[in-house]
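Chain IDs A, B and C follow the sequence of writing; residue 1 opens each chain.
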Amino acid sequence: MNSPPKLHPGLNLGPAHGDDHEAAENSIFGFWVFMMSDLVTFGMFFALYATALHATAGGPGPKDLFDLSSVAWQTGFLLVSSLTSGLALLHVKTHHHRSGAAIGPMLFWLLATVALGGLFLWREIGDFQAMAAQGALPTRSNWLSSLWALVGLHGLHVSIGMLWALVIALGVLLRGVDQRWKLTLLRWGVFWHFLDIVWIAIFSFVYLGGLR
Amino acid sequence: MFVSVFHLLATAGNYLEPVGPIAGTERAHLIKVIWVSMIAIGPALLATPLILWRYRRSNARAAYTPKWEGNRLLEIIMWGVPIAVVTWLSLHIWKSTHQLDPYRPLAEEAITVQVVGLDWKWLFLYPDQGVALVDELIVPEGQAVHLILTTDTVMQSLQIPALAGQMYAMPGMTTHQWFFAGLPGETRGFNAQFTGLGFSKQEFVVKTVTQAGFEEAMASMQSAPPLDEATYSKLAERGTPTETKLALGISTDATLRFRLAEPQLFARVLGRYHTGQPLASEAQPGSADYRAEAAALPAAMNTMPMHHHHD
Amino acid sequence: MTDSLCGNLTWDSIMLVKAWKDPNVNNLITAGAAAMIPVGALMVPLLLLWTGWWRPLFRDWLASVDHKKIGVLYIALAVVMLFRGVVEGTLMRLHHATALHGGVLSPDHFNQLFTTHGTTMIFFVAMPLITGLMNVVIPLQLGARDVAYPRLNQIGFWLTASGGFLITISLLIGQFATGGWSAYPAYTGSIFSPGVGVDYWLLSVGLSGIGSTLSGVNFAVTLYKLRAPGMTFMRMPLFLWTSLCVSILLVLIMPPLTVACITLGLDRYLGFHFYTNDLGGNLMNFINLFWMFGHPEVYILALPAYGVMSEVASTFSAKRLYGYPSIVVATMCIAVLSFLVWLHHFFTMGQSALVNAVFGIATLIIAIPTGMKVYDWLATLWRGRIRFTTPMIYLCGFLVLFVIGGLTGIILANPTIDFQVHNSLFLVAHFHNVIIPGVVFGMLAGLHYWFPKVFGFRLLESWGRTTAWLWIVGFSVTFFPLYVAGLMGMRRRAVDYADPAIQPYMIVAAIGSLILCLAFLALLGTILRSILLRKQLAVPLGDPWDARTLEWATPCPPPEYNFAVLPEVTARDAFWEAKENGTAYAPVEKYEDIHLPPPTYYGLWIGAFASVLGFAVVWHIGWLSLLGLLGSIAVPIAYALLPYREIILPAAEVQKQDEAWRCAARETDGVTRDEEAHATNRGLAKPDELEIEFAAAER
């Protein structure tokens, strides 16, 4: 097989992986298409948020609520988790084209990603609790509804990504890093990086923009 | 000539028989658009049966070109004709939409009417004349009328087909509709946006009267019962016009005319949605739980109502 | 006790109990319809057990990941739901015939009827019809063995079916929304619409919407990645081009609908303020979101019909499609422009004249590629040899009636005219004019055209033609009067009217709706009668219409893997070219093993848990919602961890099947055009002498 080294956007397994590399083409391409759909979903929530900027209905606004240091921590956790997820994938790319490669390092990076995701969620939930304590619940105003929904949707995605990573870890332990799990890892990688990108948008528009 | 045609049709109540210049122009647009579109559509309508007949398989004398799949000249015509027609229509849309923009003020001097959509009736407030009417809009002949619309329930749409097209009315917001009244006569208006059980009954009468008749009607209402907050709260209860009259204890063929005792009523209705406080279902007109006594209007607005601006 | 165990569900929620206690006309009509659910729920399993059909049903259909079977399931779902939709439409028309100052139905009942009618027809008839047809046709026309993700395909179907389940069960338990298929708040908010109706709408539309998104992804990847060798984009049959546009649209426009459902749900369930009147809520956002989905949706429905009509025009006039590149460009233009016109659904919301003018003009521009297509179809028929088969009759009806729908569309694109006819029966007539002749005729033509491909036998021509004429006449008699009534000022969704001049039009429309009922029955009759005569109608050799594209280069029905060897494509009408060169049924040199995805109940499980989740959420039953949710999460995890083994079909087996078919085709002398609809047509049809002469002369 003389397949080109790059068959789809993002990290490719490479021709050394033979059939696995080939099989990734359709699988990852389709997942990208799905992510574009998800991107529109986030886009709609961003649009709703943008129209809600002044709809605080006399309730608290960004300047009353946003804790930039907590958000900075969350951003840090998520950015580092992108790195660790990338390391997990790189390990698969560089080692698992032959049989008998150790799965330890891959699992380590995978679980590190989950842990960092957990830290992110822990700080985010803390922020939501603090807002709730100040009466800034989504039932208070259109702006708060939009904020909770947008940031909450991202948090939900992070939770799904973590659950997915745990399932992958279990699957890899049960069945080894075979073609199926390699492709799942690649898709999960796209998903996790996507969450980072969405977060950067949230961080810039919602938090930094809100405090401007 | 226009005027006399309107006069002849002054009792009719639909778009095809307009009684005012705005609706008249809107009808003229309909006719114009149909004719112009026919340039592109007519040939297709004519050609379809002709081609189907001529090239039926049983007709062995007709030509047959199984591999023919393109012709440059034909292609140019096929793209060109729709493009030409659409270009003309687009210019027309550009001009007419600006010309008949319902927000465009039609005159310096105008009758201003504040309109509150309720379930399932319309309340017309005349702030300058200090009167209010339910399901009755009285306008002086030939005058420019400026309707400022809102609702105190779900979204509605006010339309007086023989005078002007429709415009949505939304709670906590205002929208605008300008039109010219025609010659003396009556026509009907209604809510065109579905609003639930009594929707089909939400119709009203538009009475175009002479200038003198208008002044007389306005003056006569100065001695009518007052429309204050309490009366308004009763009116706002959901019900068809008939049900409302029964609830108020008046005859079903009587008219509901008031002296506007609360000049700030319209602003306060708008303010209901801008207090920064949640609105319980008992306090929301149009809801089945609504109770007049639980629905006090805000005394003063905390926030300016969001105007739906026209840029 | 009932509170925690059954949520808001009580005995009185059940329609039959309600009708027993208060037997008025409205309750009895609804109860009569509702009674069909428990009766069906009892009878169907009993019938299946008694006949022993349950085994093949589960094994060969519900567990199948074969795109053809999933396509058939979609179409079957659509036909069942169409029954409900047609009955509801007819009820409304009959009601209006009597509704001068009143009428038979109560406002509440009428309001539910137009809401369920619209929701059913769009989401559970039109959508499954196009998804079903695309499922059946895309891989076959593409020269592929299946769609890109067969299991995902199954999941998409079952999510749609669970939405259909919810809207159906709402007839029996509780009631449906009254806010129209577009469900504008604040009317559909919890203050104005307490109760379960809107929740049923949210959940059924939301679930089927997710299914549609998945279908869109699947078809898009199939079309991008699984084209047969040599099948370049500019060689794809037109139906595939329209499918590609539809897939892209599905991927990008279902999210606004999903977001609209989620946010309205948050308002209703958790007291959020996206669209409430108070605390800054903004109902205009919902309207924008809904139509950002809703307008492209119109083209999602219409484009595949254009695709079908392109195939039909070319096949039944025995001629190449005229202006293929132009039609492709026009299709793409329509798809792109469809994103840019959503605001024309609310010219009357008070935005500036500038905005209205821009969106009005954008809408008009769509008329250019659409008009272009009509000319192209006419040019395809011109100098053809037209056979008036059933699909061709649908095409004739389409060409005339759809053009009129286009005209009224141009009218509505003018804001100044829209101010007058918006929200009137004129609008109702317009979109039925676009959807029935445009979409339904296209789908029915497609059904007739491809039915033999899937089932192995043709539908009866005589019945088919009668059915087509009934649809054409029924549509015209029903909806042209509605245009007039609309211009006379009759509002849409009004339960009654006060102007006696409107009544005659309503009576004519009611008669028309009865003709449409007859058309629906005739459609069922066509199918049933053809099943009975299937031996005479069988076309095993695969090409009963002497057609042009790759799906006909397989037996009828095709094997599960579609193509024994993937075809090499060298021209636009690939199969026609092969027939002309005499290579259509040539022996194959080498066969290879074929890998097939294994059957699975994955989709069925997802659908079952999604239905449970939906029902429990509607009725606020906490524990059951949790069960449904956990189930919906556990199923994918379980299937991810379970072993996955493809079925391998050995080359020798494939060769045996394929050679038998090729030999039979080579040894059969095809029927002439005159015998196309006769029992002698075994799936091999050939051109007339005259046609061959002309073709030779043209070369």
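Just so it is clear, contacts are C-beta pairs under 8 Å (C-beta built on N, C-alpha and C of every residue); 3 or more make two chains touch, one makes a residue touch a chain.
On a predicted model such as this, the values are computed, not experimentally measured, just so you know.
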Problem - Graph class of chain-chain contacts, one of line, ring, star, complete, other - result: complete
Handout entry: Most central chain, Cα average position
Key = C
Exercise for the section: Would you indicate which pair of chains has the most C-beta pairs in contact? Expected result: B-C
Fill in the blank from the handout: Averaging C-alpha coordinates per chain, one finds the centres of chain B and chain C separated by a number of Å equal to 35
Handout entry: chain A-chain B separation of Cα centroids, rounded to whole Å
Key = 48
Practice task
Mark out which residues of chain B touch at least two other chains, giving numbers and ranges.
Solution key: 275-276, 278
Practice task
Check each residue of chain C and list the ones that touch at least two other chains.
Solution key: 278-279
Fill in the blank from the handout: Multi-partner residues in chain A (2 or more other chains touched) are 57, 59, 139
Completion exercise
Counting only contacts in the complex, chain B reaches chain A at residues 274-276, 278, 302-303
Practice task
In the complex, go through chain B and note every residue touching chain C.
Solution key: 13-16, 23, 25-27, 29-30, 33-34, 37, 40-41, 44-45, 47-49, 51-52, 55-57, 60, 62-70, 74-75, 78-79, 81-83, 85-86, 89-90, 92-94, 96-104, 153-155, 157, 159, 161, 164-168, 170-173, 175-176, 188, 190, 192-200, 203, 273, 275-279, 281, 284, 286-289, 308, 310-311
Completion exercise
Seen from chain A, its contact residues with chain B in the complex are 57-59, 139
Exercise for the section: Within their complex, state which residues of chain C touch chain A. Expected result: 148-149, 213, 216-218, 220-221, 224-226, 251-256, 258-259, 262-263, 266-267, 270-274, 278-282, 285, 289, 292, 633, 637, 640-641, 643-644
Handout entry: chain A residues touching chain C - in the complex, by the definition given at the top
Key = 25-26, 29-30, 33-34, 36-38, 40-41, 43-45, 48, 51-52, 55-57, 59, 138-146, 148-149, 163, 167, 170-171, 174-175, 180, 184
